[in-house]
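As structure tokens, here come the structures.
Below, chain A partners chain B and then partners chain C, in two separate complexes.
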Partner chain A sequence: MRRGLLALALVLGLAAAQTVGNEPPPDLSPQVFEIAKKLRCPVCRGESAAESNAGVTEEMRRQIAEMLAEGKSEDEIIQYFVDRYTEWILYEPPKRGLGLVVWLAPVIGLGLFGLGLYSYLKTTARRAKELEGVSDEELARVEAELEEGEAT
Partner chain B sequence: MTPGVLGDVGLVLAVFFSVVGLVAALFAWFLRDARYVRVARRSALLAFLGTLVAFGALEWALLTDDFSILYTARNHTSASPTWVKFATLWAALEGSILLWALLQTLYTWLAGRRMRDYWTSPVALGTLFVIQLFFLVNVLFVINPFTPVPNPPADGPGPNPLLQNHWMMAVHPILMYLGFVGLSVPFAYAIAAMVTRRYQTWVAETKWWLIFAWGFLTAAIFAGGWWSYEVLGWGGYWAWDPVENASFIPWLLATAFVHTAMVQERRGLFRSWNFALVTLAFAATVFGTFLTRSGVIESVHAFAGGPVGPIFLGFLLAILTVGFALLGRVSAEVRDVGSVSIWSREGLLLSGALVFVVMAFVVILGTLFPLLVEAFNGAKVSVGAPFFNQLFVPLGYAMLVLMALGPVLPWRRAHSETLRVVVWMTIALVLGTAVGLAVGWTLWVSLTVGLFLFNLVALGWLVWNPIARRSRALGGARSGISALAWSRRRYGGYLVHFAAALAALAIAFSQSYRLDVQKTLEIGESWRVAGRTITVHALRAVEEPHRYSVIADVEVSGLGTLHPRLNYYRTSRTPFASPAVAYTLGKDYYLVLQAFDQKDARWVTLRLVVTPLVLWLWVSAVLMVIGTAMILWPASRRSQSAARAGEVGV
Partner chain C sequence: MRTLLGIVLAVAIGALLWWGMQTKDERSELPSALAGRPAPAFDLELLPSYQEAWGERLDLEEYLGRKPVILNFWASWCYPACYEEAPILEAAWRRYRDRVLFVGVNTQDEVDKAERFVAQFGLSFPNVYDPRGKVGIDYGMYGVPETFAISADGRVLGRHAGSIDAEKLEAMIREVLP
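This part shows the complex of A and B:
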């Protein structure tokens, strides 16, 4: 199943691990990757800017490292990318507007599925009770009639 | 005879015998004549053999570098090593659908051999014939790999280089398809049950196939994770990529069904819901193929690009329509009766199934939401790993709680003995969490540790209690331990649960305490990082027939020398990184060669990923497969009767 992803990766030139020219890529601290993980790779699918090897994401990681060196905070860095790419660049959908829908839907789904299960179990329990109730009454009546029959 | 002609002949024969089988199944059903079932079964074998001929013909073309047919001309190269040539058959769409068709005809034949009931088997066989005809007709008429090429090229481009980078390519797709296709058998039994109105027994009849398919799906998902870990070079095993999600959805639904099937078998409950679940699980396998093969993921507008998208979407809708149309009648007729206490095994099994269904819902939602928004609104949204991870944390905890309690509690109602066990489990949970927090782990990791111990106590009691009871009854520990033999299936289930708890632990740690860092080092330079010293000893190049590789020899102190490499394939401008991993019981050290000095070979740029406990994820995968095999392995006659005798007491 992975083949589809790999084929796409190829098409998009995602595997551009080697930089052009002969300059070594910058050293990147763990913090760079922590921030890059919160941004999406603009040209791939299913990969964050920390994971992808596309040229764009190498550039993004370089920018993050530079901004960290300038003393910018994580929020400022993320804001910089949001300004450039819109909120689409955030790997986690924002919890408002259209993004809120996708966050609330699982809760609603859990509620609906749970309610379905609950009402199903209510129904089967009610049926069980009804059956028991009927059989008790029937049993009593039949026993009474049998006793009467024996008495006569 | 050329491979192209042979392949077409095989496919035509396969289609012919599938039609014969389908007609025979229809005759058997409408004429109420069991002799036609035998005809259908034999046709199933012949259809399988026909598909096998087509499969063999394509392998023949690949192994002999015959470029006169479309598939080899587009996807093959004579420079590939033999195993890559063999596996190139499923490296592109046409071949993988042929493989799917082959496995489908195999399942139809094998399932047909096991069908004993002449009332339901015509419908079940007929359903399987319809499914296999869908794939065969597609391979023959729509995406035929044997289409002749007017001017055969001298050599082709070869398969995608990323696929040639690891031997898992020869294994993972086959496991995945065995799992996907396996779900068609429970589905066919379900259709037969709904048509013949025998709503109760199909679950028991089809359980073996369900768990068989489940085992392959599980193995395939873990194998895919390991493949991605070994090949993709970012140090992770699961990215919530749409392709991964497409394989995860059927697994989640099948897992839910495995558990609700037990409730139906034991208590006769949940009957209509089980039909819905099995239909959805099977439909999800087709949905996955639609999602990944139609191009809809790349862009909603790519949908019309090829014929495969609309065809698979049509097939998906047909499955859902048939399944749910029949279900409409069933739900009017089925009247489940019985009260379920939440504090009982069936109550927890159903709650567990609810958790898995909600998980499936979350995965479907997160995968489709960006597409739906783009299609209807034109806006672009990203729903990535952080979304799924955050939602799967609470769902995963719910799963860990339920999977420990479920097997401990008896059917119908809990009694005081089990309550004592639950008290011990809770003590383990609290202690584990407290110790985790004291060590300084995050709350989430500590909770996972606590829940792992919660499961461990439950499983320990489940294993120990029957042995102790039998030892007391029979006098002697040896006869007590022999109790293990007669309930091998149950212990298989426990082993799967243990492996799931272990996997949860591995996931919690590896997701929470991962270190990524990138550094450029001179040859001979040492680097102190993450408690190790990393030294680059040499940079060298190796020439192979199908690729050219640049390899760095990097020593990680205490763990030996690793060889991360960059592979250059003729068909690709850019190199493919092959990471090198030092696996340890604690932390994995994962090295990627990011770049190197192309002029003087004086420096290399390395990316280091240090992740704790990843190894245990692969251990848990092996345990799950062993557990599944224990459940599936046919019991010997003696232990079968012993098991029945033993069941009475439990």
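This part shows the complex of A and C:
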């Protein structure tokens, strides 16, 4: 009986200790970080809400954990932050509108580079081919003309 | 033709780099996602020094739709921005207290440090305590200090990120006054 009461007191004590203060929940599931990775840290540059140690991102992760516990889906949680911060909060720009330009820019850049390289190689190959087609007589004639030019 | 194309390309790349360097503080220029929408209500504990005059808690719901509100997010660790704007907020509150409610939201701070801050500036408008910074996220706050203007019908009309000066605060107050 006494042991039972002691165990109960210990459990209640631990439970109370969990709720005291404003510390973040000790164990956040990997799913929390998966979702946080998709959100920007509002006070950092180039960091997601999963990587940052800023106070606001700690709270974001805590809210994500709470919403997951309430049974909300990933899309609903992300929408919750978009409703408050606009699409600026998305770590990756959306694949539409101006965001699409950001996504396509590397592909377009690579395409333009490839086109330039192709055009350069084609021109070089054509010149080489033209030179191959010059006969010995023609070469002798050009050389003679050059020599004449140097003499005068 | 080829030379012209090269020049155009070089100028375009240069312009892009220059534009990239111009985006200095994008957060202060971002519009609030709440602009024109009802202000999120909250019910938070007041800092101890305000409890005698305002009660233990402040429920914003009781004021939304009845009176314009200037909502200011701050923290004692936010130096120097929060320290610069605190006397400006207090002076404006003293001037407009009959017509506008000022509410300070102490964010992710410690009570004793927050109390030292309000004592240092003699802040007489109510200041609530939000240790988790939950309300800040509800308002889409990027970082302290940030100030929101809420109209008499309870809609968010404007947001200012960073330390607010007297001129900007005055403009915000005029915007929310009926």
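Keep this in mind: the second predicted complex is superposed on the first by the 108 of 152 C-alpha atoms of A that agree within 3 Å, B and C clash if a C-alpha of one lies under 4 Å from a C-alpha of the other, contacts with A are read in each partner's own complex, and residues count from 1 in each chain.
We take it that a residue touches a chain if its C-beta (ideal position, glycine included) is under 8 Å from a C-beta of that chain, and two chains touch if they have at least 3 such contacts.
The structure presented is a predicted model; accordingly, all values stated were derived computationally and were not measured.
J.: Go through the superposed model and pick first if A:D27 touches only chain B, second if only chain C, both, or neither.
T.: Touch partner of A:D27: chain B, not chain C.
J.: Contacts for A:L115 in the overlay, against chain B (first) and chain C (second): which applies, first, second, both or neither?
T.: neither
J.: Can A:V142 be said to touch chain B (first), chain C (second), both, or neither?
T.: neither
J.: Name the contact category of A:N53: first (chain B only), second (chain C only), both, or neither.
T.: A:N53 contacts chain B only, not chain C.
J.: Which holds for A:R127: it touches chain B only (first), chain C only (second), both, or neither?
T.: First partner only.
J.: Using the superposition on chain A described above, determine whether A:D83 touches chain B (first), chain C (second), both, or neither.
T.: In the superposition, A:D83 contacts chain C only.
J.: Of the two partners chain B and chain C, which one touches more residues belonging to chain A?
T.: Between chain B and chain C, the winner on chain A residue contacts is B.
J.: A:Q63 contacts which: chain B (first), chain C (second), both, neither?
T.: A:Q63: touches chain C, not chain B.
J.: Counting contacts the way the document defines them, which residues of chain A are shared by the two interfaces, the one with chain B and the one with chain C?
T.: On chain A, the residues that contact chain B in one structure and chain C in the other are 22, 86, 88.
J.: Considering only the defined contacts, which chain A positions touch chain C in the complex?
T.: That would be residues 22, 42-43, 55-56, 59-60, 62-63, 81-86, 88 of chain A.
J.: Taking the complex as given, what residues does chain B use to touch chain A?
T.: The contact residues of chain B facing chain A are 90-92, 96, 160-163, 172-173, 176, 220, 224, 227-228, 232-234, 236, 239-244, 246-247, 269-270, 273, 288, 292-293, 297-298, 335-340, 350-351, 354, 357-358, 361-362, 365-366, 369, 373, 377, 379-387, 390-391, 515-520, 566, 572-577, 593-599, 603, 605, 607.
J.: Spell out the residues on chain C that touch chain A in their complex, using ranges where they run on.
T.: 27, 30-31, 33-34, 108, 131-134, 136-143
J.: Flag every residue of chain A that touches chain B in the complex, lowest number first.
T.: 1-10, 13, 15-19, 22, 24-30, 32-34, 37-38, 40, 45-48, 50-53, 61, 86, 88-93, 98-99, 101-103, 105-106, 109-110, 113-114, 117, 120-121, 123-125, 127-129, 131
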